[in-house]
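All chains are identified by letter, namely A, B, C and D, in their written order; residue positions are counted from 1 within each chain.
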Amino acid sequence: MTEGSKSAAETLRRGHPRHRDEWGIEFSRIVAFSDGVFAIAITLLALAIDVPQNLPPDTTVAEVLEGQTGDILAYAISFAVVGKLWLSHHRFFSAVERFDSVLMGLNILYLAWIALVPVTSEVLGDYGEDPAGVITYAAIMVAVSLTFQAQIVHAYRSGLIRPELRDLERHVVGPANFLIAIVFLLSIPVALVSPVVATLMWPVIFFTGRPLADRLAALRS
Amino acid sequence: MTEGSKSAAETLRRGHPRHRDEWGIEFSRIVAFSDGVFAIAITLLALAIDVPQNLPPDTTVAEVLEGQTGDILAYAISFAVVGKLWLSHHRFFSAVERFDSVLMGLNILYLAWIALVPVTSEVLGDYGEDPAGVITYAAIMVAVSLTFQAQIVHAYRSGLIRPELRDLERHVVGPANFLIAIVFLLSIPVALVSPVVATLMWPVIFFTGRPLADRLAALRS
Amino acid sequence: MTEGSKSAAETLRRGHPRHRDEWGIEFSRIVAFSDGVFAIAITLLALAIDVPQNLPPDTTVAEVLEGQTGDILAYAISFAVVGKLWLSHHRFFSAVERFDSVLMGLNILYLAWIALVPVTSEVLGDYGEDPAGVITYAAIMVAVSLTFQAQIVHAYRSGLIRPELRDLERHVVGPANFLIAIVFLLSIPVALVSPVVATLMWPVIFFTGRPLADRLAALRS
Amino acid sequence: MTEGSKSAAETLRRGHPRHRDEWGIEFSRIVAFSDGVFAIAITLLALAIDVPQNLPPDTTVAEVLEGQTGDILAYAISFAVVGKLWLSHHRFFSAVERFDSVLMGLNILYLAWIALVPVTSEVLGDYGEDPAGVITYAAIMVAVSLTFQAQIVHAYRSGLIRPELRDLERHVVGPANFLIAIVFLLSIPVALVSPVVATLMWPVIFFTGRPLADRLAALRS
């Protein structure tokens, strides 16, 4: 084995962080793979909406939709949530300049939660008025945001983020994501009392990003 | 926080429009994500065609296809419609040179309608002779084209379109898309009287683009 | 409307052929979209294999597989066929240097047949011993290859193929693809007599490409 | 036919290995197609988790999850295994600098096994306590790793790997992958005695890569 091959071998074996330009193809494959899982999961959400069978002729739109209200609401919630998660993932990975094997492992774990969303959304659609359906859904979302938190923290600590964005990821994106975990976590005990109120807590996550970012930016300027 | 990181933070937080070259990876990810949703939705359309079970041995092709006429017609219509929508989306995004958070949000809403098409197409296949099936399908298409309209108008007003294509998008692509919304909207009251006639109105959308474009080009030259 | 915008408008409206470098993003989107449909269709093939339910405890592998032989054979055939079609599509589009709206329309029609393969493969798995299942499958494959033929012929006639590959596409790739259409077409009457013999004709398509290419190359050198 | 077209024709026909830069689009399409199949297969894994229907109101989380333990465990195992396979595939193809038709054929065969994993995972979820379910799953994994082994060996022998990584692929990646085949192969006879013990053998594959690589690196330095 020559010197050259040994050092290349070292790099591959040890999983030393790689620069996104130097290993452009692999980095873009990780990003493309993640996007693929997101795109498939978000499109499969709609399959949880049942098409009622054997309705009589001259059925009305109301009859077609009847009994699907839960499924349609679950679709709307999940599409919005997965869309938001994808945007966050998209922003985070555009700030990452290198990756290592831990980040890749965490990303695969993260995608394992994302791929579960269509099934969890089906549970929410079918059992959204029971504490069980709401808690199952919220628990997956807590897992998603905590895994994303681990990605942000690891990338920050291991210096995998572009220098000019490090403070931002650590002090703005991180806390904003952490708040999502907290909202879903708090909704779990609430669901035991009222599943509807628990569900109404979730839209808060769509308002957390900006105010927090503003406050933090104000504090630090 | 340094000056550099603060200005980068500002940009990310406020969602100032970003140039497609400067932020190449993200722009291509949005486009790839949209294409992914389109590709999955268009391929899932075929799953709405039921394979009849437990037919007797020496069954004929006619017996295999029997009862699937509605499903096959719905597949043909939906593949053509989604294909056309994808081409429009493809043309529109090749004219966009920057994006902002509103355009991204509208695009996710747009994709939420697209991902609903396979289920809506199944409804059309099963209830295409009832007003309900046709109206459900047409309503989704009105929602799709109005959301696309909002994307075009917003991109035009916020100056996100390449300068040399702005007039085109505003005065040709926009009206052509708006006509699609009108065709599907008009088919809704018609479906109450005759679902078949309503369905026969839809192919008009495949002829709207060119004549309108020709007329507008003639007016302005 | 300025001169510049008018000429850009003209180009977009008339669908003049575009060079792959000049309009790189769109060309790569068409290719990526096609690959997406292929990848989804080929992966969905496996979903046609039923998992038997409610087998007794201590069931054997034989019992799990029992009754799935048809499904598994259909999967093997379809994966090989779709894989071959993808390779042909891949080679063809790497020879295309420009595209126009006719080629895009034909490509969408082509993808509409490809997206039907998972359902057709399910029919073959369930009714592969009946003429009906085999004929349905063969008919879709005839449609696929004739649509691909139309793409090759149109691209050749409209000068959309890289100059150095025009003769090749016209005189080698075209005839090789045409032979696939013929093999599947001939298997249709044969299936009326013996579905098994008809199915055994199909592997011929995996041997057509090379000998034909060799003979043609020999003739012309 | 000109000289130029004849030589281009030769190259296409004979499938001479192509350099990844020279034929960049095709190489990236193969990689993207493979990633697409991986992303779809890994996301479809979750669909094997059944959502229980018709549970009574005020059902508990325990009741929703009841009977799904096998499905959820199978999902966790399969996501980890497919994730690891994707990482290996990803590393291998980043070391490949050229491809030929044999490598492409082997890759399609490899993807045919990968696309089977969702169905096989469903079998494991439903029959994971029977030898049959465990053996079916292990057999597919043996097929996956042997096909990957064939890709590594072929690429090495035909000089398709970047020179500086040849020894690594041959002496580190190859043996590490071979060990995966052996682990799953050995679990088959064990499953006949105890399916649970057989399943517990599988996590070994997550520890094989590094120690082996370390030992080999130590031997050769």
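FYI, a contact is a pair of C-beta atoms (placed from the backbone, for glycine too) under 8 Å apart; a residue touches a chain by one contact, two chains touch by 3 or more.
Every value quoted in this text rests on a predicted model; they were computed, and no experiment measured them.
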Magnitude of the superposing rotation for chain A and chain B (Cα, nearest 5°): 90
Gap in Å, rounded to a whole number, between the CA centres of chain D and chain A: 25
Where chain B and chain D are represented by their mean Cα positions, the distance between them in whole Å: 35
Chain B, residues touching no fewer than two other chains: 32, 36, 40, 44
Topology of the chain contact graph, where touching chains are joined (line, ring, star, complete, other): ring
Interface residues, chain C side, partner chain B - complex: 1-2, 4-6, 8-10, 12-13, 23, 25-26, 29-30, 32-33, 36-37, 40-41, 44, 104, 108, 111-112, 115-116, 118-119, 122-123, 126-127, 129-133, 135-136
Chain A residues touching chain B - in the complex, by the definition given at the top: 28, 31-32, 35-36, 38-40, 42-47, 49, 51, 53, 55, 57-61, 63-65, 75-76, 79-80, 83, 86-87, 90-91, 94-95, 163-168, 172, 210, 213-214, 217, 220-221
